[in-house]
Amino acid sequence: MLSQKNKFSNPKNTKECVFKISLHRIKKIIFMKSKTAKETLAVTTEIVLPNDTNSLGNLMGGRLLHWMDITAAISSHRHCRRVVVTASVNNVAFSHPIKLADIVTLEAKVSRAYTTAMEVFIDVWVENHVTGIKTKCNEAIYTFVAVDQMGNPISVPELIPESEQEKERFAGALRRRQLSLILGGKMKPDEATELKALFGK
Amino acid sequence: MLSQKNKFSNPKNTKECVFKISLHRIKKIIFMKSKTAKETLAVTTEIVLPNDTNSLGNLMGGRLLHWMDITAAISSHRHCRRVVVTASVNNVAFSHPIKLADIVTLEAKVSRAYTTAMEVFIDVWVENHVTGIKTKCNEAIYTFVAVDQMGNPISVPELIPESEQEKERFAGALRRRQLSLILGGKMKPDEATELKALFGK
Amino acid sequence: MLSQKNKFSNPKNTKECVFKISLHRIKKIIFMKSKTAKETLAVTTEIVLPNDTNSLGNLMGGRLLHWMDITAAISSHRHCRRVVVTASVNNVAFSHPIKLADIVTLEAKVSRAYTTAMEVFIDVWVENHVTGIKTKCNEAIYTFVAVDQMGNPISVPELIPESEQEKERFAGALRRRQLSLILGGKMKPDEATELKALFGK
Amino acid sequence: MLSQKNKFSNPKNTKECVFKISLHRIKKIIFMKSKTAKETLAVTTEIVLPNDTNSLGNLMGGRLLHWMDITAAISSHRHCRRVVVTASVNNVAFSHPIKLADIVTLEAKVSRAYTTAMEVFIDVWVENHVTGIKTKCNEAIYTFVAVDQMGNPISVPELIPESEQEKERFAGALRRRQLSLILGGKMKPDEATELKALFGK
Amino acid sequence: MLSQKNKFSNPKNTKECVFKISLHRIKKIIFMKSKTAKETLAVTTEIVLPNDTNSLGNLMGGRLLHWMDITAAISSHRHCRRVVVTASVNNVAFSHPIKLADIVTLEAKVSRAYTTAMEVFIDVWVENHVTGIKTKCNEAIYTFVAVDQMGNPISVPELIPESEQEKERFAGALRRRQLSLILGGKMKPDEATELKALFGK
Amino acid sequence: MLSQKNKFSNPKNTKECVFKISLHRIKKIIFMKSKTAKETLAVTTEIVLPNDTNSLGNLMGGRLLHWMDITAAISSHRHCRRVVVTASVNNVAFSHPIKLADIVTLEAKVSRAYTTAMEVFIDVWVENHVTGIKTKCNEAIYTFVAVDQMGNPISVPELIPESEQEKERFAGALRRRQLSLILGGKMKPDEATELKALFGK
């Protein structure tokens, strides 16, 4: 009988080794398989309750930021199947007031993936009570990072944009990233080729 | 008998008119008096509860965004004494994880006032349970707009920065505003003199 | 000058009358237009937080009942565009435990409309954190009634089932309704033809 | 020296054995002792707050379902002294609207116990603000299952109905259980003797 | 024509007057009828959830104070059938820690009524998960005031203590009231006869 | 070979001992260093939301008691840097109603420290929406105890009052403590020298 120690070096165990390699590959396939933007879609619907409103009866910005964070977290989790943490919020504009009892629909999709980070677009819609027509009232961009059990960042798969809008947002992501790195003091304005093209000449 | 119409033009009513004017002035004094940044300070302290955390036991970004919005709203309200609504969130970075049961202190101060808008800086601190030393773990910039009962924007007083940090943030506000207007498609990159100086030659 | 009273009987006002009639028709078109089941779909996604769980770390039934009620209310509102109130909950079975931090997706669709009531099916899915595969873990049937400002029931449009499943649920609705009326003491077992066919012979 | 195996069969260990048996018996006495319906009564009182209401100012069904679930869980826990989980909700009718600021009293009592399951009746009362007269506005039936630490079902004691109403509900429970098993596809209509008697000839 | 003033003194209006008087009397009967302590009993049962606990897993004092306030408010409302507001909290001691998932029962009863104020005793019980034995873990005294729509205090009926404990608490109430008035600077120690008897001589 | 027992008395281990002593000292310095009242200040700001109010639109007492408990817990934690638990609430008076949407500021400071307990004063301010003038509307006294991981009380450092108000509250604390001990039946009225001076003679 072979000793336990020799088991894996023994040619007869090739099959087992192969399986081990496959397992590693399978894991890689699951976690690192490129995803289309559509596959990362997360939808949630909320009704504005009294405690969510200010003294004018409008939805408070902070509550919406909270809802957007949760929906975007689900979307980025669907992209990488890992624990994700909010890394940054980039420019959210609150243009249309949302009223008490309104039905709010949030749709989040990953717009671009980097090594460990994912940029997520959240579109917010309010629907007319009588006609049911949905009006877009907000657009926000959040960035999430995938982390392991210790909270250290880990790799995420690539994102494949398909629709016209997805491609446009994918392209714009690079410009926004440079801007964010400059504002955070992690990149020199000179190196931001995308932005230089926009402002300089 | 004098008609109602003539009442105010009648010399006997001078006193009443004067009073009316004074009232208007008093209102203007209260609502439009310049404020120092220090006068707009709003402080709040929160303990991170189980429902505020993700599966790693860290404070979720959305909850912090909600807390920051409320503290910033109180700060901008202290500046203008009007109902205020969140207009935008500009770049929030979540650099350090905050843990369950941590004591979080949020300090918000208006950094610059425009015609109807106010930019607010929020600094977030976490304190060490044993030494009590507070570590800064977040910095965020929100913009609020003062509105009347109908939700229409109304004028806010000027802001006077005093400390070194207040002056620096006051100066940077213009650059951030231009950036936000360009990203929102309301200003052409060419007109953004402050930013051109940064990126261009 | 014509008196107010004669205004509408006057031939010159024909146009106005016509408009009045049209308005009534438009309203009827909006509120009473038949809807397909697909048009009533409401989706919401929730993350199970610590306060939603019992001492085994499983989602408490009451919280899920609450989420199902909100999603079903949005679905039935989308069917009739009126204020809706929960009329009854018919048989909800909790077969699979849902764990802390699970992502839960609720999908509600109107299955059949009566004069003033709508039966709504809610399907609940949990998704595997690693593979992302969604498993159905709950199915519930709620009934809603459309009401006016005084809380009195008002008519709702018809529902058109399209898919195989929608048609099956549409057909079963009648049997469930008879059962509910009998249990509520509003129908005699003898009149429940659908049920008699099932149990009797 | 005696082997471990023989230890308990050894006459010297009789006392220890007896103790072990007693312990087992005591446990059985505590957990499996029949209870009267009265002993399982759980009462809770709630005030309807703004966030619990819809746009008509009435208590939302979902909130009441949540309250009923918690009260019924306490009642069934009092019956079996184990962790209990909601197994199903059987027919809840919302007949009378409950208004903002109303005081709602929920009374839950186990109506019948099966091997591992307990049927619980919840009666909901609203009290008049001026006269204090309580009006019954809801009646619901939930089923709970007792589980061990792994979530597996475990036996519960018998229930002894005493009052007229308790006996009636105890008797009806069997009919409801057959119905639920048929609807869940776990029993053939032919085997449901109680129901056949109702619908059939 | 009779003047409005004479209307009610006119013999023909006797019936109306009588009715008016009766109405006033009925109102007085409803609102000012003495109540027994038992009639004011309010019971509520809560399960301690994760968000209610501190980092040791014990129920936080603030949450229990909140629950006690609501139960006591219902009790004092049952005494006077008016809107009631918390006037003061007198000495609450937290002697036994209450753990996560514990079932807490709160029982509130009015102990004595003054002109417009009511003293309420709240007893808090925790029940053993296995034996079901309830242990008293808290006792608190709150004072409520009945108010009209403008927030002005209005008279409340007398309270009749019946049981031994009710009578004892009724007697002690006077001593506590004097103490509270002295501590609030509304009574001179010299006038507090009840307390002088306790401390002096 | 040296026995374990002699290890620390051995001259070679001096360094280790010294280190051990230092560590103990450092710990003592951190945990037992006297603090000034100012160092224990905890500030929090809240906006009154619909769910925090009763049917008159005023902040409910229970919600304020909850907020005061959290702010006072942070203050006493800052004094001793340990887990703290609420020991008692001593006389809270609700003199001024606080309205919906009001901005409430809570300021808590330790007023006196005993062996393991800390008395905390909480001052509550409401600010006028137009003038911004803050009016004091509440004052409360809570007592907290520092506990170790097992929930057993542990020593806390001394408190040094500095301002006039801090000294006055420090002095009054003893009187309140005697009163609380008597009311709790842990001290005989005869031994309460501070109180005897107040009531007797």
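Brief remarks follow.
Every chain is named by a letter (A, B, C, D, E and F) in the order it is written, and numbering of its residues begins at 1.
Please note the rule applied: contacts are C-beta pairs under 8 Å (C-beta built on N, C-alpha and C of every residue); 3 or more make two chains touch, one makes a residue touch a chain.
Given the structure is predicted, the values throughout are model-derived calculations rather than measurements.
Listed here as common contacts of chain A and chain D: C, F.
Rounded to a multiple of 5, the Cα-based rotation taking chain B onto chain E is 120 degrees. Using mean Cα coordinates as chain centres, the one most removed from chain C is F. Under half of the residue numbers at the interface between copies chain C and chain E are found on both sides, making the touching surfaces mostly different. Of the two chain pairs considered here, D-F and D-E, the higher C-beta contact count falls to D-E.
Chain geometry summary: the mean Cα position of chain A and that of chain E are 53 Å apart. Centre-to-centre spacing of chain A and chain F amounts to 44 Å, using the average Cα coordinate of each chain.
Separating the CA-averaged centres of chain A and chain C is a span of 32 Å. We define each chain's centre as the mean of its Cα atoms; on that basis chain E and chain F are separated by 28 Å. Multi-chain contact residues of chain E (touching two or more other chains): 50-51, 54-55, 70, 73.
Contact between chains, as defined at the top, is found for A-B, A-C, A-D, A-F, B-C, B-E, B-F, C-D, C-E, D-E, D-F, E-F. Those residues of chain A that touch chain F in the complex are listed here as 50-51, 53-55. Note for the complex: chain E touches chain D at residues 30-31, 42-47, 70-71, 73-74, 77-78, 81, 103, 129-132. Taken together, the chain E residues at the contact with chain C in this complex read 49-51, 100-101. For chain E in complex with chain F, the touching residues are 54-56, 58, 60-63, 65-70, 73, 83, 85-94, 97, 140, 142, 147, 149, 151, 179-180, 183-184, 189, 192, 195-196, 198-201.
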